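Next up: the structures, one after another.
Common to both upcoming complexes is subunit A, partnered first by subunit B, then by subunit C.
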Partner chain A sequence: MMSGAPAVRVSIESSCERQVQEVSLDGLETYAPPLSMSQNLAKLAQRIDFGQSSDEDEDGPERDSREQWSKPEAEEDEGMVKFQPSLWPWDSVRNNLRSSLTEMCVLHDVLSVLKDKKYMTLDPVSQDPSVGKTPQVFQLLSKKKSLATAAQLLLRGAEKLTKSVVENQEQRRQRDFNSELLRLRSQWKLRKVGDKILGDLSYRSAGSMFPHHGTFEVIKNTDLDLDKKIPDDYCPLNVQIPSELEGSAYIKVSIQKQSPDIGDLGTVNLFRRQAKAKPGSQMWHLKLEAAQNVLLCKEIFAQLSREAVQIKSQIPHIVVKNQIISQPFPGLQLSISLCHSTGEKKNQRASPDKSKPDDHLYVLEHNLHQLIREFHKQTLSSVVMPHPASAPFSHKRLRMAGPMAYDKAEISSLQQSEGLLEKIIKQAKHIFLRSRTARTIDSLASRIEDPQIQAHWSNINDVYESSVKVLITSQGYEQICKSIQLQLNIGVEQIRVVHRDGRVITLSHQEQELQDFLLSQMSQHQVHAVQQLAKVMGWHVLSFSNHVGLGPIESIGNASAITVASPNGEYAISVRNGPESGCKVLVQFPRSQAKELPKSDVVQDGKWTHLRGPYKEVHWGRMEGRNFVYKMELLMAALTPCP
Partner chain B sequence: MGVTCVCQVPVSEGKSVQQTVDILHKKLEQLGAVKQGNFWVDCETYHATGNATGQPSKLLYVMHNSETPLSCMALFEGGPGLSADANFDVLMVKLKSHFQNAKGHKVESRGVRYRYCDFLVKIGTVAMSSSARGISVEVEYCACVIPGDCWNLMKEFMQSFLGSNTPELPTVFTSKAEGLSVPVDCMDTMSQYLELFGRVRKQQVLPGSGVR
Partner chain C sequence: MEAPPVSVMPVTGGAINMMEYLLQGSVLDQSLESLLHRLRGLCDNMEPESFADHELVYLLKGQQGNPFLLRARRSLLHPPAPWHLRYLGQPEVGDKSRLALVRNCVDVSASHGLPEVLNEMGFRMDHEFVAKGQLFRKGGMKVVVSKLSRVLVPGNTENTEPLSLSYLVELSVLAPAGQDTVSEDMRSFAEQLKPLVHLEKIDPKRLM
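The block that comes next holds the complex of A and B.
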């Protein structure tokens, strides 16, 4: 027993008093009932080793010596301990705890004494420097060796890492080729022939009948240096296109004055535009698109030249090398040329057309592309296929031509008789005629100020027909003088003019005809304006003629004339206007105002002096006024005396 | 497709078929008509075989017209008719066992086609096995499809160059149940030609008509 040490509480908990017999389904534990007294005794009795109790009897004579006695005593004690378990089961535990407590108290005392540092201190054991000292060389060598082993480990690890990275890159490149191939396949037709991958860039599946094969080959791009940095536009896939489709091409349609020298033909081979690379599109895509465009241009040109040779026309078309030349109008030349450049830097010939930048009719080039695509579509259209076995290959409606007894007009309206060349020539003619008409009207408008000519072009046009409305007006009098309104329908070769009064006139393509016609209309407008003005001013129209037969003959159109009388009848104005001879204005005065009057025996009454008598010409050029109608208004106003 | 009237012009006395045709051409050209190519109408006869009774077999006429180049018309005399594709001829060959071709009875009319504004005038020589038998004149007014509306105009026009040979209103129009206000058909033209060919076949061979 310790004395003076504070008691330490030790709490002991038994693990389990009773054993769990069963756990029912609802979690209730059923404990085994504790052993009763008799059961406990029985259990203990079973533990008795009756063999040992016989040893007790044999050790009887040895009881004399103490030492010998202590042993059997110990044994006896043990046996007795076995025999009497209920006396002190916690004895060993208590002893152990007590010894550990003792140790802990000792340690605690030592530490508390140490803390004061008065009676006890901790001191490290002094090292003998001469005993454990190693030479520096050895230290270096050992350090080196240890570093070397560490470095080797790291290097081995790094090697493994780089190997795995390289493998990844290789795999990625392999995967890149496949993914590129997938992308290529999603846009172009590919097929595998043997161990080559071939593709088709022709328009055959869209209905073209051009005999070119249009196959390209897909090759793997393996010329890549792994050590150098991979370029930005590197593509693991490359396409090889046929050599005749390399470069880029376009069809140039232009109208120019007839070239005097026939040797100039066939010299068009210029290249003017670079294909703009769309961001994100691969090089193979650009190459294939360019090759397809070249093929389409070749097909267009082949079709045009075939038609140019086959179709008979009044003026034959000339086909020279890569140009087709035809004459839509006399003095004009339409040239359709295929410009194919293989992408070389130098051009063989200098481009002579740089001075005329807008010579190329882009609209017609676009229309050619559209026409050939329409032609493709017709080969494939559902109008033709499927068709019954007995019907010929033609338009669906033509199958009914037999049973419905179509006559020739109806059949020809269903059938296409025009080829590509004819269509494009008609379109070119129309474009040329339209631009020339516009130029004529504009030049007239800028040259002549009185009367004014206005042109309102229609927004909605056809490839073969456009229309423009031409109004001839006088400035300031648009509301009252609007009798000349012309609707011009510009066709392929002719211009049809519809007048406001119902006349329909057909003009040819000559621009002089249109100009003469407009000039004659302008002169008629002046006289019409006088008629309208007379109505407004209250003057009476005595006579009016659009085409007078008197006076000098005009070379363009006819002169028109009008005579108007003042409200009170005293004065009269006569106007004669012709496109060439200009206008002539005469005023008729009453007889009373005439200077010299022939005296006559018959006319003696004074009332006859109120009649109108002689004429006097007006110096029209010296009249005040901005334009003809204004001057006329002033004249009329001057001749109408205030009441 | 307009109202057609087919009539036969008798050969002038003392003149051959060709000369009469030339006179008509000249008259039309003086009128101001424009030549517009040629035309032909032909007719083939087929016997229906395999008749149980002793009745004479019905004759089937297969006709072609250059105005409707892709069609073939087949009709019975006074009976129903049909217009079909050009493959009908091939079909008739296949039906050889039921319809036999009477080869010697092929009649055709060939000649010049004139156009005068809205009128189409076709003057043809009717020939049977290369011997000219008569003259057929067909006048078509393209602007109208109702015979009742334009018959007077057509008659007046025909009088201007046919003179006394102007025909009356063709029976195909008058015999229709619905009357003259029904639109015409290509079968009406063909029936008129058939009638004309029938009359020509029954005629004697014209004296002095040589091989065309």
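The block that comes next holds the complex of A and C.
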């Protein structure tokens, strides 16, 4: 090989992977027999281009230098096989071998030159003694300088890092905005106008006809001051709502007894505590919901005030500023006011709120919301598609009116429909009547202990009607004295009383009527109780009257009376009970026991002793016993002879 | 409560002269679905209403001039619904720049004895057809997508044959005369339906 270098043997062998010639159907693989050495050589030899040197495509100077170094091997070089590089598979191996050989040769030459010491000697480099003696100041300076360079490098790296972090955050915020927008889009109507994103928070699609546009704008909130800490409730998306929809609002419905001074009108300003944000809901969502609520409240109020002006009632409804005043019953005032706070002034106004009792009727407020939604639904559903399709959009009943030859009354009956205000006034009347009935019954029950009065209110009511069952009983005698059971159906204007026996009495909304009625019922109850008791005790009822025509006239109802006779007929008890005059109990003694009775000359016969004697009044207040019926039982027991 | 829309005021009194603003177009049966889908998205928030109507066109031939034409329509899906009698005037001439076809229109709902009354009056039935399709609404605009079928045996609406392989699409508004904003609204709505359907102002006289 090359000069002086020992011949190195490199054995090269192809991998003995045999080629698969075919795979038979049963999976047996038939291999192609491997090429024999000579065949292989022949195959390789076919690819050799003898006319081209592999060195030719190498750089000129390099070749020159090598030729310089390898002059002695010129003959052998010529004998070397020239290859066509790209065609031969071992080309790279050959090239690498060749270059390593060149390197080795160079190394060998250098070493031999050094070894001979004919041309060149190697000496250790003498250290400059002055270096070790550099003054300390200089050393310090140089150290400082190098440290500064290092620090600069580090700083530059840190800057790069922070920049990339900020960029990342910026990108994330951008992404956050888009995802927030997507969430907004899933809950609110949005549309793009120019380069703005506008949303719709009105109830128009639900059937509202309120003219307010109710649009909001979506704002990107990504340009934050990066140095400052990002607040916890930061949201990349913000919404801007119209200024008139800001803050919170509600409709206040209250019923007052006496009308306040006219100067107080229209200045209702009561604000509720702001509802706390639910965790997990976005700021924009709360803001939009609040704005939508404000819009709805405004719509309700606008609708109510429009109706208040349109509807002709005996006592006109008054609309002043943010308040509508109506008189459902004489001396009673229903006020509906729109309370809208814009947020900032809330604190100042909250204080007078607390001093006043909260007479806000939440039920009516809720019902107003319900009514306006029903109204919306009605406007949506009232527009039915015409059939046949060519007919114009209009109410079906109006299309029917001509062909069916409706008269004016029929048409107006079809069109009649109550407004929001009428409905809410009716509801308010009912609520008022109900609460006053309850109060009347309660006050009677607490004032009068005997007989007892019980009220069973039904849980489920209509907005215009509720019912209560009133039982009048005597304590300890509930089982035998069940004569008075009243069903009070409280309506809007009046109360219908249904007796157990089916009699129906209609009472007006006046409180006194109900009270008087109940008082007379209670008085009747006592007499009924005596009747029931007499049955149990074996006494005989001689006479019974719910409405006695004799005696002093009661201012409320009529007195009732009963006379019962003892089982053997000797004694009789007569009871007269009036709602006002109270009860009077008389006992009739047998003639025989009446000592003070003058002996008559005419009635001498013994049989006459069986005639009834005179009556004596019982000092009822002094009777023992906790209530009327108990006292009566004791009296009856005392007058019943022992067997 | 029931603020009556303008269209329910009596038109026979002559107080308000109602006009029909109309744009028409057609789609092939294959592309009907995508058009309905688009309409569902664009129109008011309600489900499209299917309808099937039977229309009878009556003519009254006078001594001279054009015959007088009335259209009587009844709903096949809602037999108790009143009949609808309609007079459509000639399209307003002049004003080429107007965006929609405008013609006089009188709508009357009628009882079920309408054909007899018309016959007694001297009207003769010219032709009849059955229209089936969907009805959409956007505000005051009415969009009718319907398939017209020929009635093979007079009076028998069961036995019909489609007139063509396409659906008729009509966009119409009823409004008092001289409301140009109406036709602008219609045009912008029609613009949104492109390229599914091209609604255009088509003069029926040209087609005759």
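Note that the second predicted complex is superposed on the first by the 427 of 643 C-alpha atoms of A that agree within 3 Å, B and C clash if a C-alpha of one lies under 4 Å from a C-alpha of the other, contacts with A are read in each partner's own complex, and residues count from 1 in each chain.
The criterion applied here is as follows: a contact is a pair of C-beta atoms (placed from the backbone, for glycine too) under 8 Å apart; a residue touches a chain by one contact, two chains touch by 3 or more.
Remember, predicted model here, so these are calculated numbers, not experimental data.
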Look at A:His387 in the shared chain and tell me whether it touches subunit B only, subunit C only, both, or neither; answer first, second, both or neither.
-> second
Name the contact category of A:Ser205: first (subunit B only), second (subunit C only), both, or neither.
-> second
Is subunit A touched at more residues by subunit B or by subunit C?
-> C
Counting only touches as set out at the top, which of subunit B and subunit C does A:Pro451 meet: first, second, both, neither?
-> neither
Can A:Ile411 be said to touch subunit B (first), subunit C (second), both, or neither?
-> first
With the two complexes superposed on chain A, say which partner A:Pro328 touches: subunit B (first), subunit C (second), both, or neither.
-> neither
Would you sort A:Pro403 into first (subunit B), second (subunit C), both or neither based on which partner it touches?
-> both
After lining up the shared chain so the two structures overlap, which partner does A:Gly419 touch, if you call subunit B first and subunit C second: first, second, both or neither?
-> second
Jot down the residues of subunit A that show up as touching in both complexes, subunit B in one and subunit C in the other.
-> 390-391, 398-399, 402-404
For subunit A, which residues count as touching subunit C in their complex?
-> 205, 375, 380, 382-383, 385-395, 398-400, 402-404, 415, 417-419
Residues of subunit B touching subunit A in their complex?
-> 1, 67-73, 83-88, 185-186
Subunit C residues touching subunit A - in the complex, by the definition given at the top = 1-2, 4-5, 7-8, 45-46, 49, 51, 53, 55, 71, 73-75, 77-78, 81-84, 86, 107-112, 131, 133, 135, 137, 140, 142, 144, 146, 174
Sites on subunit A touched by subunit B in the complex | 390-391, 398-399, 401-408, 411
